[in-house]
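Okay, structure first, notes after.
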Amino acid sequence: MSFPLLTATAALPAIGAIATAAVPAARRTAAKWLALTVSLATLVLAGIVFARFEPGGERYQLTESHAWIKDFGVRYELGVDGIGVALLALTALLIPFVILAGWHDADPSPSSQLRSSRGGPNETNPYHWRPTQGFFALILMVEAMVVLSFVATDVFLFYILFEAMLIPMYFLIGGFGDRAHAGSDENAAAQRSYAAVKFLLYNLAGGLIMLAAVIGLYVVAGSFSLSEIAEARADGSLDMATSTERWLFLGFFFAFAVKAPLWPLHTWLPNAMGEATTPVAVLITAVVDKVGTFAMLRFCLQLFPEASKWATPVIIVLALISIVYGALLAVGQRDIKRLIAYASISHFGFIVLGIFAMTSQGQSGATLYMVNHGLSTAALMLVAGFLITRRGSRLIADYGGVQKVAPVLAGTFLIGGLATLSLPGLAPFVSEFLVLVGVFSAYPVAGVVATVGIVLAALYVLVLYQRTMTGPVREGIGGMPDLKVRELAVALPLIALLIFLGVFPKPLTEVVNPAVQHTMQDVQKKDPQPEVEAAK
Amino acid sequence: MNPVNYLYLAALLFTIGASGVLIRRNAIVVFMCVELMLNACNLTLVAFSRMHGNLDGQIIAFFTMVVAAAEVVIGLAIIVSLFRSRHSASVDDASLMKL
Amino acid sequence: MENLIALLVAAPLLGAAVLLCGGRRLDRAGHWIGTVLAAASFVIGAVLFTDMLGRGAEDRALHQHLYSWIPVEGFQADVAFQLDQLSMTFVLLITGVGTLIHIYSIGYMEHDERRRRFFGYLNLFLAAMLILVIADNYLLLYVGWEGVGLASYLLIGFWQHKPSAATAAKKAFLVNRVGDMGLSIAIMLMFTTFGTFAFGPVLEATGDTSEGKLTAIGLMLLLAACGKSAQVPLQSWLGDAMEGPTPVSALIHAATMVTAGVYLIVRSGAIFNGAPDAQLAVVVVGAVTLLFGAIVGCAKDDIKKALAGSTMSQIGYMILAAGLGPIGYVFAIMHLVTHGFFKAGLFLGAGSVMHGMNDEVDMRKYGGLRKFMPVTFLTFGLGYLAIIGFPGLSGFFSKDMIIEAAFAKGGTEGWILGSVTLLGAAITAFYMTRVMLLTFFGEKRWQPDAEGHEPHPHESPKSMTIPMIVLAFGSVFAGGFFSIGDRFVHWLEPVTGHDHGHAPVSATTVTAATMVVLVIGVAVAWVMYGRKPVPVVAPRGSLLTRAARRDLLQDDFNHVVLVRGGEHLTRSLVYVDHTLVDGVVNGTAASMGGLSGRLRKLQNGYARSYAVSMFGGAAVLIAATLLMRAV
Amino acid sequence: MSATLAAAVTTTSTGEAVQFWILGTVAVIGALSTVLMKKAVHSALSLAGTMMVLAVFYLANGAYFLGIVQIVVYTGAIMMLFLFVVMLVGVTAADSLKETLKGQRWLAAACGLGFGILLIAGIGQASLRTFNGLGTANARHGGNVEGLANLIFTKYVFAFEITGALLITATVGAMLLTHRERTERAKTQRELSQERVRSSHLPPLPAPGVYARHNAVDIAGLLPDGTPSELTVMQTLRQRGQIRDVSSESLADLKALEQRSGERLGRDRGPERDPAEEEEEVAK
């Protein structure tokens, strides 16, 4: 039994969270630094995992397995494949930036009592009330759960994490609002709690349906272990009735579609992202939602290949709707953060499309897309957050001419935007093009429709940039300070990564490819052959 | 006759006691009905112990009695203090479960 | 030698990186860095050129494989360069003209505090454009394709504080994105058809595949070309793009970027040869744009917009030629190069004029400038003569070839095209003469502007005039140099192939006809603008004129259909999302609340009714157990 | 009596049968009257009766110890406790059998009926035909009590100790609940007398009904001016608000009286009535 690396990677932030929460109320800064160091240490561990992972090797590596609930055969089973390791790295990478960007977001301000959704007498006494510690502790807690869910190979274990994630997220959304809120604090608090509850209910509903499916799976398969079931499916020792498989598939897929979010289950995302602080918004869309798409790839396809193929047409249509619909709504938004949220919905459409195109390019593209979208959204959203905190408003109409007063801010914002519209040379282009090619080779019409998405993407990004950054300097913008060191420390590395992965995505693809080939075998699909070679 | 009849009797008594609990409003009478139910149970226990030919049933019945005694003491004390505070022994007056 | 190819791109890319990340401390040296690196790229290009000349016609193509870009199962996208004669032509044009315009900009942007960034963008553009022309596969070409789009976006919107500039930039990028959509679909089609999108394999395998596929690919490529080269129906952005600084208009929107579409079509010649329908579409687009641009050019009073119209129409010539197939490819490129010279020269001249007239662009407020800025007048005049195809100058040769080729297409098609090109030549002569007369002849018509500054036109500084002079040389001699002994044809033939076609009329007749229409055009212009003084405020003009001033209402159409329609669509969708999609969910929530509200009444707080429910529950349990026993 | 019975028989002695049927009826009647009797006291008494019967049944089932305990503890102690409390609390409005909760009675009846039927059905379904008496079990340790003792102090000793603890707790709890804290200092004889002098009632309180026309404890006596005086009724009754208002009743009675006398004597108002007659009419 070697050193349990994966467990350590997940446990470190969890312990860090507890430690952070335990920091005395007066020592806010200490808590921040503690959280930051912990997240960085986690990043190091994740790096080790990434390095130890051999692309050519076993499908699941660094595996750990311990009996957990013997009566139900639930095991604490960990193992990481190419897709998991990529997302693991992404998560560990983003969290430090999230923490750094949210450095001041949870400092108690005069009206923070109103802001806090946690009841109790503590609120009345700001000295005992410890928002900062809570904020960073919760972020670390989320990281721990997400990391673990990326490496869990036991369905039940995954389910538990999938659900438990909601708790810290709920408090992060409901408890720490965006200070740049139009309207009174009470109003803000009300809207925020609405958003938080909406988030919770949506995901809970999905999760409960998934629970039913999980139990059903156990009844049918008699095991929770992903590998066991997959093997059993493969060697035919376990054959589900078609209808059973389809029902179970739907149960799983629904939960993931809510999380991902796929049209028409998306409406919680704009509220949540709009009301939460920008770092938390990034946490939602760049990290937590990825669990949904990741789970589609790992569980839906692997456990229910037939049903997945059966459902493909519908899902592809839904994904296309998400792409176009999300983009169009993004164009129509007045609120910067909601705009980015709808853009994300459009991008998640691409990811789902790539997954269910069931071609190597599509699935590799989808996996890369998860990573790249994480980076690009983080860049765009965090810079937007810096902008919003400066002006104190989320309305696009309140901005204009920023580029003249804060060129660096505008520049980083533009690069983030260009990444979002997947300009070649930046990371998202690679993934988006792969997805498009993959889809096109399997479903040409879908491919063409999806391509419309890239035009719309350009539209909403450029409109946003034009309205906020260019034109004459509006009142309230003049004298706006440019990015500070802390903010540069957030923006520049992200941009560097975007460029690097756009120019040289090999490190990622070579990790992802084998995993994708495994998935392709699971669904027993072959890439369509090009016409000419078919002719020869 | 077969000792099963004792069980039937016990069932009857138990039912009567239960309906008493539901019908009467005087806390004291309600209490008596509870006692009645307890006794019915004791009867079943005793009858069963006879049927199975071992004494465990009687032991349980004995414990039941002890517990019943304790319960009565507390219960009546509650009734008394309740009566002191609100000059009534009606269970409906004490609709405290709804705040 | 191959290893130099990457340096072509690397030099300007380095410049862009340094200048854009360098920060203010580079403000003083910035423009020199940019210029030097552009020049360096040109030098490398020249070295490669001489090396290429040293080799035989067949093994001139160079390859450089840098690394495998996107290695995914069954999908090979490499970062690899291919430098053959075609690419080389472009490399020289881009780097050469590019360098000149860098030099020009030093003077032109002197008073702009963001000059460093301007040069950074220019370098970025050079890098992207070079990638575009030396990529050895369509995906890498796509990278350059969008890269130049980005650069043009940044440069058009360089004066971002002007809302008009920002809007124009956005418009340009969006329209281009539509074209890019075509290109990416074309690439996907190639992937599904050939399993690759590298030039070599694709263009060789065209024979093995169905014509339908080729037509589809061809049309998609045409769409891309339309977007980038401002061809109808995607031409609307070019006019607005003149919001950018004049050097940008000269480099990007006259000489190089807008010609990328022509490059794409010529480069994909094999595909088009296999798809006559697609070729026909290309020809039609070219012909339509040719006239469209020319007509628009006649009506504009803004000197830059007039030139933009002319650019559109000249590119129409090229596209048309490219659509003719092997007959026209070479001439398309040749005209592209000569046009690169004289149109750049014209724009720089216009820029110099504006520079002297404190940024006045309305030609009706010029007049008689030849006395004030002789050098500009001279160079501009040479460019003018070149573009209208004055015998012996560049334009004469290249355009003449295209007209001949159009006739050589043969059949009624050939006749139609030929006459269209002739008509185009006539209109070109007309509007260019008009520009010339309005700007440099007649009496001076300028008056103090709003602040009461009387503009006192003066000759521009050396840094601006020298590039103009060089370009003038090019626009005078390039054509002749290329045509003597069909140098250019032999140079490009190995790549594009060449075919003389069968002209129904002899070359001399065509030339004669061209001369005739040329004279007519000039004469008409002289009658309208040369003889009688020109009104400072534009007259209402005929219906056609007014339409032409508004880009033949194409913009209005876009505005009404696309912009307004889109706005309504998005607004209604926002509403739907809020009420319908969200409403369903909230409705469910509300109904749940109501239900629970009713259930609450069961909790009446009476111990006895609770007891009833307990008792009933117990009864139910017993019943259940009994049933279980029963079954 | 069944001590000598051999194992696995299906019937008991006829004597027991007779006893069962008679006493069983009594038990059921007792139980019913417990539920249905209007006054708590009567319920308590009938419950006591049922418990006695149960005690007999225990004995019949060979649970001699339990039988005795049942009589001593239950019927002796617990029921008496009940009676005490009844006296303490007394008869209140809660005694009326009138139902206040809507539909409660029907629900109760339905539940009770269904429950009973189900229970009995269940027992009937269970195959309990044969039984083996306690003879051997009792004999093993030489008697029922010894047997129980043996079990209690070996097998169930832990539970037994716990019940001990339970009882102690119960006692303490009961004391806590019923104990009333004395807030003010006890008055001395002197203070009491001074109070008495200051108060308006120097003489002892009038007995109820002294000046009234009959002697009922819960009717306020009339003062000379004819107004009833609360003081004449004992405090407990006053607290419970169980004082019967004399004045209204007497007026009603007078009206009735005049009416009847008028009918009888054929004239509007009779002469003076003799007090005896009135008394009994008032008493009605």
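As written, the chains take the letters A, B, C and D, and residue 1 is the first residue of each chain.
The criterion applied here is as follows: contacts are C-beta pairs under 8 Å (C-beta built on N, C-alpha and C of every residue); 3 or more make two chains touch, one makes a residue touch a chain.
Just so we're clear, the structure is a prediction, and the values are computed from it rather than from any experiment.
Each chain gets a centre from its C-alpha atoms; the one nearest the centre of all protein C-alpha atoms is A. Remark: subunit B and subunit C have CA centroids separated by 95 Å (rounded to whole angstrom).
Centre-to-centre, using mean CA coordinates, subunit A is 71 Å away from subunit D.
Per-chain CA centroids place subunit A at a distance of 60 Å from subunit B.
If you average the Cα atoms of subunit C and of subunit D, the two centres end up 105 Å apart. Looking at subunit C, residues 604, 606, 608, 612, 615 sit in touch with two or more other chains. Residues of subunit B in contact with two or more other chains: 18, 22, 25, 91-92. Contact between chains, as defined at the top, is found for A-C, B-C, B-D, C-D.
In the complex of the two chains, the subunit C residues touching subunit B come out as 603-608, 610-612, 615.
Of all residues in subunit D, those touching subunit B in their complex are 2, 7, 10-12, 14, 16-17, 20-21, 24, 27-28, 31-32, 34-35, 40, 43-44, 47, 50-51, 54, 57-58, 61-63, 65-66, 69-70, 73-74, 77-78, 81-82, 85-86, 88-89, 92-95, 97, 99-101, 104-105, 107-109, 111-112, 115-116, 119-120, 123, 128-129, 131-138, 144, 147-148, 151-152, 155-156, 159, 163, 166-167, 169-171, 173-174, 177-178, 180, 239-241. Within the complex formed with subunit C, the residues of subunit A that make contact are 198, 201-202, 264, 266-267, 325, 328-329, 331-333, 360-361, 364-365, 401, 403-404, 411, 418, 423-425, 430, 433-434, 436-437, 440-441, 444, 447-448, 451-452, 454-455, 458-459, 462-463, 466, 469-473, 503-506, 509-510, 513, 516-517, 527-533, 535-536. Here subunit C touches subunit A in the complex through residues 20, 67-75, 139, 142-143, 145-147, 150, 153, 157, 160-161, 163, 165-167, 169-170, 173-174, 177-178, 180-181, 184-185, 187-189, 191-196, 205, 208-210, 213, 566, 569-571, 573-574, 577, 581-582, 585, 589, going by the rule given at the top.
By the touch rule above, subunit C contacts subunit D in their complex via residues 604, 606, 608-609, 612, 615-616, 618-619, 622-623, 625-626, 629.
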